[in-house]
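Mind having a look at this structure? Questions to follow.
Labels run A, B, C and D following the written order; every chain starts at residue 1.
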Amino acid sequence: MVHISSSPFAVVAAEGHLIDSQLLTAIFDTVINRGGAFEVQQFDIGRTNDEFSKLTMKVTAPDAASLSALVEALLPLGCHVAAEHDALVRGVDRDGCAPDDFHSTTNQRTQVRIGGRWIAVDRQRMDAAIVVDGDRAACRKLRDLRRGDRVVCGLDGVRVTPEFRDRARADFAFMSNDVSSERRVEVSVARIAAMLRETKRAGKRVVFVAGPVVVHTGGAAYFSRLVRAGFVDVLLAGNALAVHDVEQALFGTSLGVDLEAGLPVSGGHNHHMRAINVICRAGGIEPAVRDGILTRGVMHDCVRAGVRFVLAGSVRDDGPIPDTITDIVEAQDRYAAELADAGIVIVLSTMLHGIGAGNMLPAWIPVICVDINPAVVTKLADRGSAQTIGLVTDVGLFLHQLASHLTPGDSR
Amino acid sequence: MVHISSSPFAVVAAEGHLIDSQLLTAIFDTVINRGGAFEVQQFDIGRTNDEFSKLTMKVTAPDAASLSALVEALLPLGCHVAAEHDALVRGVDRDGCAPDDFHSTTNQRTQVRIGGRWIAVDRQRMDAAIVVDGDRAACRKLRDLRRGDRVVCGLDGVRVTPEFRDRARADFAFMSNDVSSERRVEVSVARIAAMLRETKRAGKRVVFVAGPVVVHTGGAAYFSRLVRAGFVDVLLAGNALAVHDVEQALFGTSLGVDLEAGLPVSGGHNHHMRAINVICRAGGIEPAVRDGILTRGVMHDCVRAGVRFVLAGSVRDDGPIPDTITDIVEAQDRYAAELADAGIVIVLSTMLHGIGAGNMLPAWIPVICVDINPAVVTKLADRGSAQTIGLVTDVGLFLHQLASHLTPGDSR
Amino acid sequence: MVHISSSPFAVVAAEGHLIDSQLLTAIFDTVINRGGAFEVQQFDIGRTNDEFSKLTMKVTAPDAASLSALVEALLPLGCHVAAEHDALVRGVDRDGCAPDDFHSTTNQRTQVRIGGRWIAVDRQRMDAAIVVDGDRAACRKLRDLRRGDRVVCGLDGVRVTPEFRDRARADFAFMSNDVSSERRVEVSVARIAAMLRETKRAGKRVVFVAGPVVVHTGGAAYFSRLVRAGFVDVLLAGNALAVHDVEQALFGTSLGVDLEAGLPVSGGHNHHMRAINVICRAGGIEPAVRDGILTRGVMHDCVRAGVRFVLAGSVRDDGPIPDTITDIVEAQDRYAAELADAGIVIVLSTMLHGIGAGNMLPAWIPVICVDINPAVVTKLADRGSAQTIGLVTDVGLFLHQLASHLTPGDSR
Amino acid sequence: MVHISSSPFAVVAAEGHLIDSQLLTAIFDTVINRGGAFEVQQFDIGRTNDEFSKLTMKVTAPDAASLSALVEALLPLGCHVAAEHDALVRGVDRDGCAPDDFHSTTNQRTQVRIGGRWIAVDRQRMDAAIVVDGDRAACRKLRDLRRGDRVVCGLDGVRVTPEFRDRARADFAFMSNDVSSERRVEVSVARIAAMLRETKRAGKRVVFVAGPVVVHTGGAAYFSRLVRAGFVDVLLAGNALAVHDVEQALFGTSLGVDLEAGLPVSGGHNHHMRAINVICRAGGIEPAVRDGILTRGVMHDCVRAGVRFVLAGSVRDDGPIPDTITDIVEAQDRYAAELADAGIVIVLSTMLHGIGAGNMLPAWIPVICVDINPAVVTKLADRGSAQTIGLVTDVGLFLHQLASHLTPGDSR
């Protein structure tokens, strides 16, 4: 067609499980949604479930700027410019700012071409810049860029490899599950238990991200069992989880009555503040445990079991207690450090901390989100990867079930 | 005040736990919201938790019509016109229609004054007329009125006694619980189990109203346990519960895989229709059980255990199977008959059938609503009584917990 | 591979926008999920957005029964057995029952091969049998089968053509929208208004399916405007919508206060029953309009404008009024008759009637579901087609916006 | 009863609209729930709607500790120990910690008795200590206590006066509304508009607390109108609102397409990061406006109109931009300063910042919460006061409606 041939065009290529992962659909959709056109030059379909497919495609757009935006939008879908060039690298001219055309990362595996060689990018996470240092490249948040850092810009020399849904995996079907409250939760719990055992056996770390609902719904005792059984390597949470847990631990009788009765006790808010005051006076959770002030509960058990915890502050915190990191930049850095080598991440009823953690993770780390509110699960899953599993259920009962599947011996 | 004294007024009285049940607040609110004014003539407060309070109050309204509407609105709150007259009774002039000013019932205990005596109204339910026959009075739905029936009209000679929240009851605090997903469900399950045991011990009947989510969430096996343990006297449901249950029972392997896998199987809808076809061919569920076609599942276990079930049709039904009552007037009558002597009603994940059943119940029958969607629980509770308990949780896990609290011996 | 070649296999073919519509992904997923294997024999990709793709694939399964179930599961995805045979037709031996291996329909365009010719199936809907009569074939519900009807069975000679998402359509992107409350509703309303205008211009019919929330949320006045402007050809609803609307119309002042005040008025339930009584006495809505008893509201405006309405009964109905069809089989048939030539269907806040209507529609009729509860929208969309649009928003405000986009002249 | 008379007891008194506000019910419930008993010594009911009621009551508990906890629980309900003593004041021995038995405040009006005189407590807020300085007393957060501060402890000499629901107010009925999506929003919007006009006329300040959903749902343009019309005095938000708004402002075309199309654009996350980079490079929002980089949108309009904004950081922030306060203690202090003299607070779709702001407010400031998720509205309302109004609706359409009710002239 004359019209098209006179338009600017690019030839892009992609390779992988393009159909299984619905990448091919997404690629074509993206071209059309952005007002472009495509012409498949070559497509070799994987003949069996194991084989990759290969695509070479010519994309056209009305003008050069649109074409550039279009190709940029195709990158996260695994397309790369067919003609190979080195990545363009520019220097940072001001701390905390990237060049205008910096490559903003996804959470997918990324390679950059430097000096004719494709280099895998380290510390993959979304919404970062790629800093090149000699023959290494790594993600860095904008705020951590420093004058002189060499940052990848533009579209050339960048290759993204989306996670492929792997139908050969035992949990393939489980993974591709929709979010719904009309599912049999027990089956999912058994699978998650299996994934946790497998993670531990593989010597990887299990990270829990938990909100205070874990305590309200009576899940704390079961979570403590997981801690003691060795299935919690790190706990990422906020001030509220810790305070609610401490409150339950300290005001055993009255709040024992409360959780026993399933009722709000008048004056309970009062206990909340007294719990904060006790921990502040003790100088924090660890000193409170050491000094015999805090003798039970999730936080106590974490201290005793040597489970690291990071409490990130938020504008709705009461107190906060000394353990809570009030600067959110520092809190993010601490979260990121703990997530760096996570084998699996389980988010329990906390949209705030769950999204915070999710932003830091590469796409290939399995994330399990449990919440009774389907909107929260959907929102967390949307930001995640093909590896995200959402479970709409009661968190207290979920933890009860999960703890009954896992025994101390399993974690070794 | 001159203005008020020249307005039409009425003197009303009420007696009972007016403060505990927030009736006094509601009475005053109603007067003010409707543009009236009140003057308390006498109020004797119950000095202790056990004593009743007594109110005599003069209410004024701008005109006679408003006053009448106002006093009518105060009736369900336990107020009655202080001056005692017999109830006005009019004859029905046309089948299925009441006189224009008929007294429309609430679900609260009601008495009418006939021949100078206060008579308790039988078959109390909301949205009915009161038919007087000699020295008896009973609720009757408008559609069941027949020419010549004598119906109570107007405001005189009608007394409503709202259920009082009884703080002396062990489950008082439990009953007054708010709807929230942030509660410890385990405590509530234990209480409900205790209520079921108590109901059976008292020789009363346990009625379950259940939606198909019971099957989807894997609760069917646990519900069957309750059936076999004798904790289900009646099952009120719709076509869908039965069909989903039969489908699971008949296509054991493939749907066993489904529930085992927690996954939608392509072609599952197919099984749904085949299940319907099988039951239609057998002539219904009972024949299918008798003929050895249906050998497991909730419906099978109900037939075997002699549990009566009523399946009410709806416009979204597939099939329906022969057991489903397609006429909703007949279905309502059958539901009402089964609910007539219910000791407790438990609604599992069905707004449609739950509201249907709730409409038929007097206020003093405890109703427990379990649903993962808080909006459903709130809506069911809104139509209920002080005795309604809402539980926001996963129905499958709820049934698992409940079944583990109840053993066959308990039901006798 | 020896193992595979000794397994039973079938060769299936498919053709169409297999990638755009994610059919190819679904086809491969289905094979693997059901324990089969596939080998693509030929795949010609559509080179541009307009071209079809063509697939020929060999599928293997462990045994003949699995293979048969697998091929059956592939049918709704557009696959058909490559070798062409006539469909197997069996006679019905009992009213209301199909042969055990009857083909259970989807809502997709279907053809059957009879006497060597492919015949399009009439009255396409899901969950039906296909009855062959001479050289015609049509969907029929199981309950409508009669002894001697000739019904298509098995897999041979059946071809399903799934709706393809058509990227060339102006509303392609709109159609593929996810369900979320975090969207700009105004854009969607403008599109829906355009679709309605287009539907009317094309001489097709607009069907609304509406719940009582339309009245509660103040949407009735705006819906009436649509009725008067000619944008409502049929109204499918239940007893509650009509009763709430009549109640608002009859008790103007008091309920005018209610909707004006946004408040529940004590005694309002009373009005509900009086409204029912008035309509029962009048003999129905149309007589009530004719006799000047009902002079405003949605139902009145429908009668005046000659808009047909069908009210389907349900077990939670009060009354019901004489217009409500109490037998749900008859109600389904009446719904189905009105939906037979619908050009577009808009479902407003009613899961019950929305699913009922959705079950009757072929996949190519656009359905728009509006509800403030995302779970309802998701559930309705799940049962729908590629043409389903979900909108999570306030129904009252939605109708306000929609009415402001549409003027009487537009509907002609 | 001998048992009771030998138990420890206290005599408490309360005065006010005890019935209207359901305080009397709550008082009695609290006594019984905590295992105590009560005996009303005197109760004078307000005879008309305007008159106060007065209660004197003897409460008994099993032991002295329970009695003390019980009386403490009755304080927030307006009860005070009948016998008048001065408040007990203790010195702070450690920065950031209160004495163990400090009085933890509610958000209700509080007085303390010092030197025989009742002093009103300044800066009332919940979860604080009361610091006495000469003849003044004020709330102070625990973390702001300094060694030597004199803090009120125990129960004596503290009086709390709960807000009474005032039936005489025009908006009484509106205020007491339940949370439901089945309401007519238009009526509520008109009332809120009237409240805003009244607030401005009274010379008080209107504070908005807003989440990014305001931008997603297309509400930004309407919110900007409110800013320009003078109806926004302060904007409390987070990093996300600002970034989403800037992104929309900067990438007009592409995101114009996005909001116009109601669609996620691939690569949109990219724009998100570029927006952050632009603002970081500019040095913040105000410099970006000054330098002509940011020329439209909510943040721009706030700068131009001199509307103060405070952006509180959170662990899920991207960036954050320089305007975002990353330390949450500082952010809380800045929020609190802006809320100190608020006349009305409107929370738009943000649970995090809404709860943060709600914690800082005294009970008598009206708070309006708008969210499409009923759970969020319920949660915010639970922490609020009798003055909290919840509205379950689409935020974009709400702002459209609200802006159409308010014109610039109204704000003066």
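Couple of notes before you dig in:
Everything below uses one rule, namely that contacts are C-beta pairs under 8 Å (C-beta built on N, C-alpha and C of every residue); 3 or more make two chains touch, one makes a residue touch a chain.
Here the structure is a predicted model, which is why all the values come from computation and not from measurement.
Contact count check for B-C and A-C (C-beta pairs in contact): higher for B-C.
Ranked by how far their CA centres sit from the centre of subunit C, the chains are topped by D.
Within the list B-D, C-D or A-D, A-B finds its counterpart interface, over half of the contact pairs alike by residue number, in C-D. Taking each chain's centre as the average of its CA atoms, subunit B and subunit C sit 32 Å apart. If you average the Cα atoms of subunit A and of subunit C, the two centres end up 37 Å apart.
In subunit B, the residues that reach two or more other chains under the touch definition are 33, 173, 181, 263, 373, 375. Chain contacts in this assembly form a complete graph, since each chain touches every other chain.
In the complex of the two chains, the subunit B residues touching subunit A come out as 173-174, 177-178, 181-188, 191, 213, 216-218, 259-264, 372-373, 392-394, 396-398, 400-401. The touching residues of subunit D, counted against subunit A in their complex, run 26, 30, 33-34, 69, 72-74, 76-77, 94, 96-98, 100, 102, 104, 106, 126-127, 142-143, 238, 254, 263, 265-267, 269-270, 272-274, 276-278, 280-281, 312-320, 326-329, 331-332, 335, 352-353, 355-356, 359, 373, 375.
Residues 19-22, 24-25, 28-29, 31-33, 37-40, 43, 45-49, 167, 172-173, 176, 180-181, 374-375, 378 of subunit A are the ones touching subunit C in the complex.
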